Amino acid sequence: MTDIVERPALGVHATDEATKRLKRRYAAEKRFRGYGLAAILVSMLALAVLLWSIVSQGYTAFTATTLTLTVTIDPAMADPGGKRNPDDMRTGDFQGIARAGLRSLFPDVTDRSQTRALYTLLSNGAGDDIRDKVLANPALIGQQVTIKVPVASDYDMYAKGHFGKTPKGGEARLSPQQIAWFETLRADGKVHRSLNIWFLSSGDSRQPELAGVGGAIIGSFLTLAVTLIIAFPLGVMAAIYLEEFAPKNRWTDIIEVNINNLAAVPSIVFGLLGLAVFLNVFGLPRSAPVVGGVVLALMSLPIIIIASRASLRAVPPSIRQAALGLGASRVQVVTHHVLPLAMPGILTGTILSMAHALGETAPLLMIGMVAFIVDIPQGFTQAATVLPVQIYLWADSPERGFVEKTSAAIMVLLAFLLVMNAIAIFLRKKFERKW
Amino acid sequence: MSPSLVFLAIAALAVFGFFLGRRRVLALEGTRVRASMHSLPSYYGYYMALWCLAPAALVMALWSVLEPTVVQHLVLGNMPASYQAMSSNQLTLVMADIRNFAYGNAGTRTPDPAIADAVRHYHALHETSAIIISLIGAVLGIAGFAFGFWRINPQMRARNRVERFAMAIMIIASTIAVLTTVGIVLSLVFESLRFFTKYPAFEFLFGLQWSPQTAIRADQVGSSGAFGFLPLFTGSLLITVIAMLVAVPVGLLSAIYMADYASPRLRSVAKPVLEVLAGIPTVVYGFFAALTVAPFVRDIGSAVGLNVASESALAAGVVMGIMIVPFVSSLADDVIHAVPQSLRHGAYGLGSTKSETIRQVVLPAALPGIVAAVMLAISRAIGETMIVAMAAGLAANLTFNPLAAVTTVTVQIATLLVGDQEFDSPKTLSAFALGLVLFVITLCLNVIALAVVRKYREKYD
Amino acid sequence: MLATETKTAAAVNGAAKHVKMKASDVEVYYSEKRALNKISLDVREHEVTALIGPSGCGKSTFLRTLNRMNDVIEGCRVGGTILLDKQDIYDPSIDVVQLRARVGMVFQKPNPFPKSIYDNVAYGPRIHGLVRNREETDAVVQRSLERAGLWKEVKDRLHEGGTGLSGGQQQRLCIARAIAVDPEVILMDEPCSALDPIATAKIEELIDELRSNYTIVIVTHSMQQAARVSQRTAFFHLGDLVEVGDTAQIFTNPNDERTQGYITGRFG
Amino acid sequence: FGQARDQIRIVGSSTVFPFSTAVAETFGRQGKFKTPVVESTGTGGGMRLFCAGVGTGHPDMTNASRPMTKSEFETCAKNGVTDITEVKIGFDGIVVADKLGSAKMNLSRKDIYLALAEKVPMNGGLAENPYKTWAQLNPNLPNTKIEVIGPPPTSGTRDAFVELVMDFGCKDFPEIKAITDAKVKAQACSKLREDGAYIEAGENDNLIIQKLNTSPDALGIFGYSFLDQNKDKVQGSQIEGFDSTFDNISAGKYPISRSIFFYVKNAHVGVIPGIKEFVTEFVSEKAYGKEGYLVDKGLIPLPDAERAKVREASVGLTKLAM
Amino acid sequence: MLATETKTAAAVNGAAKHVKMKASDVEVYYSEKRALNKISLDVREHEVTALIGPSGCGKSTFLRTLNRMNDVIEGCRVGGTILLDKQDIYDPSIDVVQLRARVGMVFQKPNPFPKSIYDNVAYGPRIHGLVRNREETDAVVQRSLERAGLWKEVKDRLHEGGTGLSGGQQQRLCIARAIAVDPEVILMDEPCSALDPIATAKIEELIDELRSNYTIVIVTHSMQQAARVSQRTAFFHLGDLVEVGDTAQIFTNPNDERTQGYITGRFG
């Protein structure tokens, strides 16, 4: 007996041909899986590159170079009025006091142009720091004070090694003499690198070493609070209405197309709308977070609606029928069953739209939020700017010190984004369910 | 009595009303279990809370919107005749002055007598208004409370009423989306019409050259400029297509991998991480595209002997594609995740590989959601400005060559609106026309997309 | 008219019952396709009415018209009138929610919510305010699960997901869920299709028990079951209601030869 | 209807923005008034907002990288903005620069015109610009590709560039002189080529500088302050033999420079707190003077005599007439 | 070789059959919960093996172990070995896809794909390359639908969605879909639960017909059905395989009293 005769007939799935095909199918499977993984890796890689370029340029902005100066608070300079009147003292020449303090360290520098060159070492903020100190304690006038003051941005950049070798024919930002002075101070232990807290707490400034994102953080917070409060409930409610309640007819088709189309409207056009409606018709103030928030909310609305509708639609009809069959009202069906099951998608839409809103500048241009604003906003109607605008403005500034500030501000923005999304991401995870 | 305090009080009353309504209906009902009570007790609570809160809140909100105008009217109307003659714009200044004095923002200046009177008047009116509105709010709140209380009985269809209220709110929410469209069309249409009186619509729509180098000032003789829409449109199209060629495969494959292959751990990390891509400000992408990708493309191009512009559609498109990956990946992941497991099991049971299951069963089932995600991504690509402006330039070339510099409709709208402008010059007005035409075109695309989705929409379960 | 006829017949033999639901000339279309042709049928109170007929003949469709579950199916249109206690349930003034609370339904395909077993059963009583506190809810859940014959199997896993049950368990869960709401009329679409004989017997017992207080309409493919539990049987065929009458009569002495053919298993 | 407003609002030119903001900051730091809010809307956009009317909803000042035009003045007047003070604050040089390390070019305005115009004079008529390299149009220039990255048509810098370079560079050609129609003439002079030799970059000048770094042959056109800050990366070309240095520009030797201004709405003075003080600060010697802090920001100050005159006129809020 | 052996054995006593699938000590856990205890069972070629037992006893679970559908259920672990033609199907080297193509499955809850009826049936043949062109596909689709007794009802709406069918139609569609792939072993989880007697008869006929070429394992709640179609019957109870044997023997003379109790409907 030979096997060939006796072997039971093979099924169609065990033939050689089938095995060969199977091999091909497996290869396809592997490829497909590989594509998926590759896709994720590509995006992650892109993200990593971007983050690397941002962080490597920006991390130095979180430290600042300071100089320890011993200054004499000359009454004539600090209090020109002589009456210890704070209003008068504000106009005192405190920068001059700081300069005198610096001069005293280099007694041999006498030439006028030399002194000018030396003074560039001090930031404008030096005088402000001394002023604050004196205003807080007028008794200091006439005394000697040792104080840490910021150095000017160019020296800060130099200390952090941001000025590479200047190519031949170029002109270095600092002269050899200036560098020599700075090195002397450094050798004397008067120069420090310390954590730059005011970068997170203070408002914008023309001086890179004094500029901070505090105002922008508050501004972004106020603006996005308005955006979220408006866009999320409105978007979800509109999506629920359109997907679950609205009769399916021509009208709702028109509305659907309309909303999809709104998503494609360039964001700057929303700015135009905000300008026309909120500033010109309602007379709301320019540069105000409420207006910015509303404009961004209108811009985010279609994203939230579209994402929400897509995920509402993905909830199997049998779940609705089960609840309806038990005598739940349609509103109850939605709130008890459909909405929780659609929540992950809704939150995704919210995350994406808020990320978009957080990074958007164009519509804000139209309503005056792209502006130089130093004072930290105290409320929804005060002039404010937001993080991306700050980034945009700094990226466009001539001063070299803003390069690292720009990247650092981006880091702050991303941190803001992560904090903002953390809750949504957590909730999304919680609501996720298989059925 | 401050209106906001009154409002808080009414809100507190509403909360109380909720509990009271619930208690009352239960009391009226006695101990019987649902013999006749129409709705759940808490619906009666909501009913009362709504009656208490909604009318009062509405009226108070309306008042707080109208109050400044009314007060201003009264204050100014009471001022000397010399002020009455002023233009309304000047009056706003006077009013600002009054307010600055009223709130002590005016520094050390002393007001002139008329203003000082007005400031006093202003203060008085302000106080009266606060009292009036507080009273109205309180009365409405209490009246609503009483009315709700009186209306409650177990037979009343409280749930239906509360749900009808919820429905009304939802309809209002949907209306806002529609109103936004109306607002956008209105804010574009008038200026566009003015543009078309200065520049023929036909030439605009079908012109092959875009070169808005016109005189921006009337007293400056300049070139006439050409406003042909087509090169911008092809530019938008080209860049969007490139971006989609990156974003759709990468996004969709990522979504599939996350939803069906990756471990829950990986998925819960990868998804938020990819979403960071959507939050990086576009300036950053712009620099990345212009300074990293564009030179890279150019170098590769010249290495293989191609003449690549230092600014290319390819660089901008690819980077934009990366930016919108999360739009596709996260939204698609959600809908893929939501496809019932029984469908997957059905396919596995027939001997499908995972990828076959995904491609032939899961994706078709998730199609409407995926299309929605892709449409969103396309929308985002069409609307993007900064990356293109920085990496693909502003030169309007009529070309489909991805290695050439192009510009897009959106970029031109933005540069025209934020750049130097002149009232009534076709150059500035053309931005509105661009916006309007873009609006119409995307509208057509969306109509088509809707029809397609309708056709291929498959229902599961 | 058929309904009247039957009524009279019933009156004659001394068993006249109140008509709980009365369908007259009910037609159903799915998009353009007609699935039911002018059905008129009385559902009597405190009786079990069985709907039988070959697969695809419109039993489920008819059942769904009785509590307007067809409303939620896209493209489905219903004509004719259906009265519940003399009230037209397709009248615009009717409150569908209340209707469905009064006319409960068990679906052909078990469809538990993706929630715990407990919450599945407790859902209905909660939204209808039948329970006021945790104890009452516990009691209702336990009682419903017991009546559906599921309590023993699940009492230790009440807080696990309802979708992790076996097919038959899911079906019983859905029955428990439906009876927990205490409806006046219960529509059951093949409630025992996934059940073993013992569980089936248990459900049939339940149906018999429920009958004294409620009205029941049941779709079944098992002639035996129809014969066992129902007092009246309606035979559907290709969208028509061929015949309706007392169960005993239908099974012993059908008027229509199609009925005859079906119950004797002669055609298909 | 108007809000209460106690903060100065300034709009206008992006060129003046760095200076205006520097003054605003210093002004704010003194602590008496709130720091003014400065928006960068471009000169034209600023004029549009400024001239829209009097009242708290409208800005108090606008910055400009060119003088207010007659039509703008008229629009202002039409909207009730009749009392305006013009303050000239200094000069801004426009530089043509390339990457450090390439051979420094010495360009004339004629060269630039020939390199960048869409149509150039040739054999008695105008022809499509044929030049691909600098050497083709002037043998003294290097034989490198013509590639110039500059501002888009919507920018004020571009306007100034056209006016100061192109219009000047073209005027001596007989073919141009022969054109009688002013419009055609203007078109011939000011239209820039669109075949890729002139690359319109966005408004971001830092980007231009960084792009120069990646393409050694390219030239970039931007404001002097950016050159000043990036002298370790790029070098300014000579124009007609003059380097783009501070001294050359302020002495008027370097030919491509323009005056920059701001405008004050006098009706707001006294209502919005601090306007007068702000103007005073701006025109103080320590701000816009020869050694003032604005010079550190890249401002080219006015000559001493003119500064004094401007100061006097602006502190007195002299009404602009046109 | 086994094949040789069996053949010989079969030749000798005329009844011994080749063992197509052999489960030894199969255990299944859902998370921590044990659902099956050490089941050992032979499935013989060209025979119908019926699995019976009360709802929730583990029939579906066991059925799913036979083509590793348990793999895709979260938290489910399987122990023991299962051989298909001497090959351990839980061996890591085994190809699950091929396994499932060879061991097809009809699920307890009908789960048509959201595609047209035609594409539902054509899906399997297409992915396995059993059809090369439109005509072949048409033929396979028609034949499968005919065998499942659905052709007449759906031949005019082949390109409408499969989810718009009635419950019983969906079930038959799923049967058609499974047999279209031409598997060697077919696992059917209550294939007739939603079917009327005539359709049931049709499916039973089909099963009998398929038996000559294939091997069939069927879960059913109907003793009658088990008796009618199966050659061997296995009785499951609370996760245990209580008894397995020739159908005739099990139904007439069971060894275990639990079996006895179940088939006579005495316990539950």
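The letters A, B, C, D and E name the chains in turn, as written, and every chain counts its residues from 1.
The definition used in the following text is that a residue touches a chain if its C-beta (ideal position, glycine included) is under 8 Å from a C-beta of that chain, and two chains touch if they have at least 3 such contacts.
Here's who's who by UniProt: A = Phosphate transport system permease protein PstA; B = Phosphate transport system permease protein; C, E = Phosphate ABC transporter ATP-binding protein.
None of the values given here were measured: they were computed from a predicted structure.
Could you run down the chains that neighbour chain A and chain B together?
Expected: C, D, E.
Going chain by chain, each one touching the next, work out the least steps from chain B to chain D.
1
By Cα centroids, which chain is closest to the centre of the whole protein?
Checking distances from each chain centre to the full centroid gives B.
Please identify which chain has its centre, taken as the mean of its CA atoms, farthest from the centre of chain E.
Computed centres place D farthest from chain E.
Once you count every C-beta pair in contact for both, which comes out on top, A-E or A-C?
If we tally the contacting C-beta pairs, A-C comes out ahead.
Could you state the distance in Å from the CA-based centre of chain C to that of chain D?
83
Calculate how many whole Å lie between the centre of chain A and the centre of chain C, each centre taken as the average of the chain's C-alpha atoms.
59
Whole-Å distance, chain B centre to chain E centre, using C-alpha means?
54
With chain centres taken as the means of their Cα atoms, state the distance from chain A to chain D in Å.
The mean C-alpha positions of chain A and chain D differ by 31 Å.
I need the residues of chain C touching at least two other chains; which ones are they?
Correct list: 74, 97-98, 109, 127-128.
Can you list the chain D residues in contact with two or more other chains?
1-3, 5, 32, 41, 57, 203-204
Show the residues in chain A shared as contacts by 2 or more other chains, in ascending order.
13, 25-26, 317-318, 329-330, 341, 365, 395, 434-435
Which pairs of chains touch each other?
Touching chain pairs, listed by label, are A-B, A-C, A-D, A-E, B-C, B-D, B-E, C-E.
Considering the complex alone, what residue numbers of chain A touch chain B?
13, 25-26, 28-29, 32-33, 35-40, 42-44, 46-47, 49-50, 53-54, 233-235, 237-238, 240-242, 245-246, 253, 255-270, 272-273, 275-277, 298, 301-303, 305-307, 309-311, 313-318, 329-331, 341-342, 344-345, 348-349, 351-352, 355-356, 358-362, 365-366, 387-388, 391-392, 395, 410, 413-414, 417-418, 421, 425, 429, 432, 434-435
In the complex of these two chains, what residues of chain A are touching chain D?
Chain A reaches chain D through residues 87, 90-91, 116, 120, 124, 128, 163-164, 166-173, 205-207, 279, 283, 285-287, 365, 368, 370-375, 381, 383, 393, 395-400.
Quick one: in the complex, what on chain A touches chain E?
Its residues touching chain E are 1, 3, 6-8, 11-14, 17-19, 21-22, 25-26, 434.
Which part of chain E faces chain C closely enough to touch in the complex?
Residues 30, 33, 52-56, 60-61, 108-110, 149, 153, 164-169, 172, 189-190, 193-202, 221-223, 262, 265, 267-268 of chain E touch chain C in their complex.
Can you list the chain B residues touching chain A in their complex?
159-160, 163, 166-167, 169-171, 173-174, 176-178, 180-181, 183-184, 186-188, 249-254, 256-258, 261-262, 268, 270-285, 287-288, 292, 322, 325-327, 329-331, 333-335, 337-341, 351, 353-356, 358-359, 366, 368-369, 372-373, 375-376, 378-380, 382-383, 385-386, 409-410, 413-414, 417-418, 432, 435, 438-439, 442-443, 445-447, 449-450, 459-461
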